[in-house]
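My questions all concern the structure below.
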Amino acid sequence: MSLFSRLLEIVDRVSEPSVVHAHCDLPCGVYNPLQARIEAESIQKIIQKYHDSNDQVFRDRALFIKDERAELVKHHLWVLWTDYFKPPHLEHFPNLHDLFWRATKKAGESKHTVEPQVAQELLDLIDEIDGVYQKTQS
Amino acid sequence: MSLFSRLLEIVDRVSEPSVVHAHCDLPCGVYNPLQARIEAESIQKIIQKYHDSNDQVFRDRALFIKDERAELVKHHLWVLWTDYFKPPHLEHFPNLHDLFWRATKKAGESKHTVEPQVAQELLDLIDEIDGVYQKTQS
Amino acid sequence: MSLFSRLLEIVDRVSEPSVVHAHCDLPCGVYNPLQARIEAESIQKIIQKYHDSNDQVFRDRALFIKDERAELVKHHLWVLWTDYFKPPHLEHFPNLHDLFWRATKKAGESKHTVEPQVAQELLDLIDEIDGVYQKTQS
Amino acid sequence: MSLFSRLLEIVDRVSEPSVVHAHCDLPCGVYNPLQARIEAESIQKIIQKYHDSNDQVFRDRALFIKDERAELVKHHLWVLWTDYFKPPHLEHFPNLHDLFWRATKKAGESKHTVEPQVAQELLDLIDEIDGVYQKTQS
Amino acid sequence: MSLFSRLLEIVDRVSEPSVVHAHCDLPCGVYNPLQARIEAESIQKIIQKYHDSNDQVFRDRALFIKDERAELVKHHLWVLWTDYFKPPHLEHFPNLHDLFWRATKKAGESKHTVEPQVAQELLDLIDEIDGVYQKTQS
Amino acid sequence: MSLFSRLLEIVDRVSEPSVVHAHCDLPCGVYNPLQARIEAESIQKIIQKYHDSNDQVFRDRALFIKDERAELVKHHLWVLWTDYFKPPHLEHFPNLHDLFWRATKKAGESKHTVEPQVAQELLDLIDEIDGVYQKTQS
């Protein structure tokens, strides 16, 4: 059985709607913090490969590709913040706004730097957001 | 512990690189069929909501938002096909090209229609791709 | 003297840097709530023209163009929130997060509807944001 | 007197939200040379910061962000030229085409260079366009 | 031998640089009016299929896809006008500005309408531009 | 008579539909391998100019503009593969999938390198695709 199937199985056991979430403004109701996480993992890998390389063409390309990925992280997080979360969620997670503010600011910071630590901090903040998100799904 | 953390745990046990995959052309090495799947789930929900609604504004919007989502499905699948899969994979999965062709064609078909069946067929094809993908990760 | 020159004059009197603001992630330091406002004015006009028209082609087009404009409003507001405002601002404007949350949610709502009232509420929220912004410039 | 002229009049009396104009192809009737100007100010700041910095990562990023901003300047100016201005305007401003041609060419030139002078020339051309625009509004 | 190869052969005989033209702002020196023409042919076909269909979903989709294609026509024409043509060209083709203005305005008009005549007029104007372009290549 | 008119004449003699092809997902029926070829010619020129220049700003810009052009090549080829070609074509051209896979992979490779040879190989692969395409038009 594939990993994906196993994931779906677990998800099914925990709660019905949790792999089906909203991310367009219809709204369709399909949201997933993994979209931001995948881009942040990309940033982490890019920074690592940047330091591993001596090729100037590669390093130059790494910088503008990292900027694009960080922009996508910001976009996916903004959509989650504005569209998925509703006022009742805020009552249970009063630091929600601050969490998203710090995460999107960290994504911005990840554009300016090639420090591996920043990419890790960004991933940690996205995990924290995902923790909140999962609680709203149960 | 959140679902996401649990997922990462399982993934960690199975194989190291499996939550870290390539999707930009650096390449960074970060790929994930879930990107296509999330958009396809969106299409499925949009079609369902289209039929549940009598509001003409909503139905008109559903059509162009569905087109955008289907375009994203195509894009994410194309990237996987061209960038993630390598000649040695093809030897083990000789129908790889055909599978991606049918899946991207199905995504195109999902633009033209509001038939729920088409969205389901698209999800099934993405799951089939994910099955192949997971095997290449072990 | 042109309207634009007059605007610049007023701006000059109020504070030096107020026509020079940051909106890219260099960051370049150039921000301006007018970017969101222009798109919101567009939404207001589109809704008005939608109701004034009996042409089905025109009305269909109005809907998807309005969605694009609302997406731009959300984007410009998100950039202001994450990139321009800093922790010290938050101390002086403790409802900053809530204000941006309501404004971006209202922009999302303006996609779903052809109610003129929603466009007006969106403009009012952007004006409220601009009020805060102007105070941070003095 | 057109609705738009009346709107500007009211705007003048109030003095706060001084700009309301056409920029989508509905057309919605909202145009504003400030959209191009904001991006051109960004270019000017980027060039300045480029020279002030010794950080190679920063300088590399400055170059591709400047290209994006210059592309936006071109786009906003093209839209004004094609969509806002009408044949009767051309009679009163016979150099209109040439002015837009030089301004958009200057925006292209601002991609190739880090000369502060080019950014200033671009801003001057946009101000000249704004001067024409304001006269068509009275 | 393919049609494309034959075309290249003819082009080679006529003048060396004529299949190699600039269209990015490096500038790379690669321009081609065919880019605009292909999108305009698309508009023509979309309008034809719009009238041939009774399917409301199809007709709704035709409208927003036509808008996208027309936007691309405008973009490709604007790039040619600003980037390819130089002051010396203007001396030989004094109506160059007016021709591009009418062509881009026609592309805008093709968004508002499902009149086949408008698509034909747009194609004719692009052919006229291509005629000028070809003369500058010899 | 312009080169373009002559091209159309030849095309008309060979087969009716060959300048009218599908490239949007309406589908409108308008496709043309020239769209990919124009971008690939751009890549070739960019690499050549990269080597001819000693200006670091120019060379940095060349790299990210080349990436954008290569992304467009990939997109245009993917659209042709998924949307234009149909199962019956595959019977006549059994290596169709492999050809597109190699061509899109080569476009990806052209992002990583400034080797002129890679740009030439990309052009050759697009010509090979065009050869197949032309045969399907007769």
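Annotations
Labels for the chains are A, B, C, D, E and F, by order of writing; each one numbers its residues from 1.
Note that in this section a contact is a pair of C-beta atoms (placed from the backbone, for glycine too) under 8 Å apart; a residue touches a chain by one contact, two chains touch by 3 or more.
Here the structure is a predicted model, which means the values were calculated and not measured.
If you take subunit D and subunit E together, the chains in touch with both are C, F.
Compared with subunit D, the chain whose C-alpha mean position is the greatest distance off is B. Relative to subunit F, the chain whose mean Cα position lies farthest away is C. Interface of subunit A with subunit F: the two copies contact each other largely through different residue positions, with under half of all numbers used appearing on both sides. In terms of residue-numbered contacts, D-E and B-F present the same interface, as over half of their contact pairs agree; the other options in B-F, A-F or B-C do not. For the pair subunit A and subunit C, the distance between mean C-alpha positions equals 26 Å.
Taking each chain's centre as the mean of its C-alpha atoms, subunit C lies 18 Å from subunit D. The geometric centre of subunit D is 34 Å away from that of subunit F, both derived from CA atoms. Residue positions 25, 58, 60-61, 64-65, 67, 111-112 of subunit E each touch two or more of the other chains. Taken together, the touching pairs give a contact graph of some other shape, not a line, ring, star or complete one.
Here the chains touching each other pair up as A-B, A-C, A-D, A-F, B-C, B-E, B-F, C-D, C-E, D-E, D-F, E-F. Residues of subunit C that touch subunit D in their complex: 2-7, 10, 19-26, 28-30, 32, 34-35, 37-38, 41-42, 45-46, 49, 58, 61-62, 65, 68-69, 127. Only residues 60, 63-64, 67, 111-114 of subunit C touch subunit B when the two sit together in their complex. Interface residues of subunit D, counted against subunit E in their complex, comprise 25, 27, 67, 70-71, 74, 78, 81-83, 97-98, 101, 104-105, 108, 111-112.
Of all the residues in subunit E, the ones that touch subunit B in their complex are 57-58, 60-61, 64-65.
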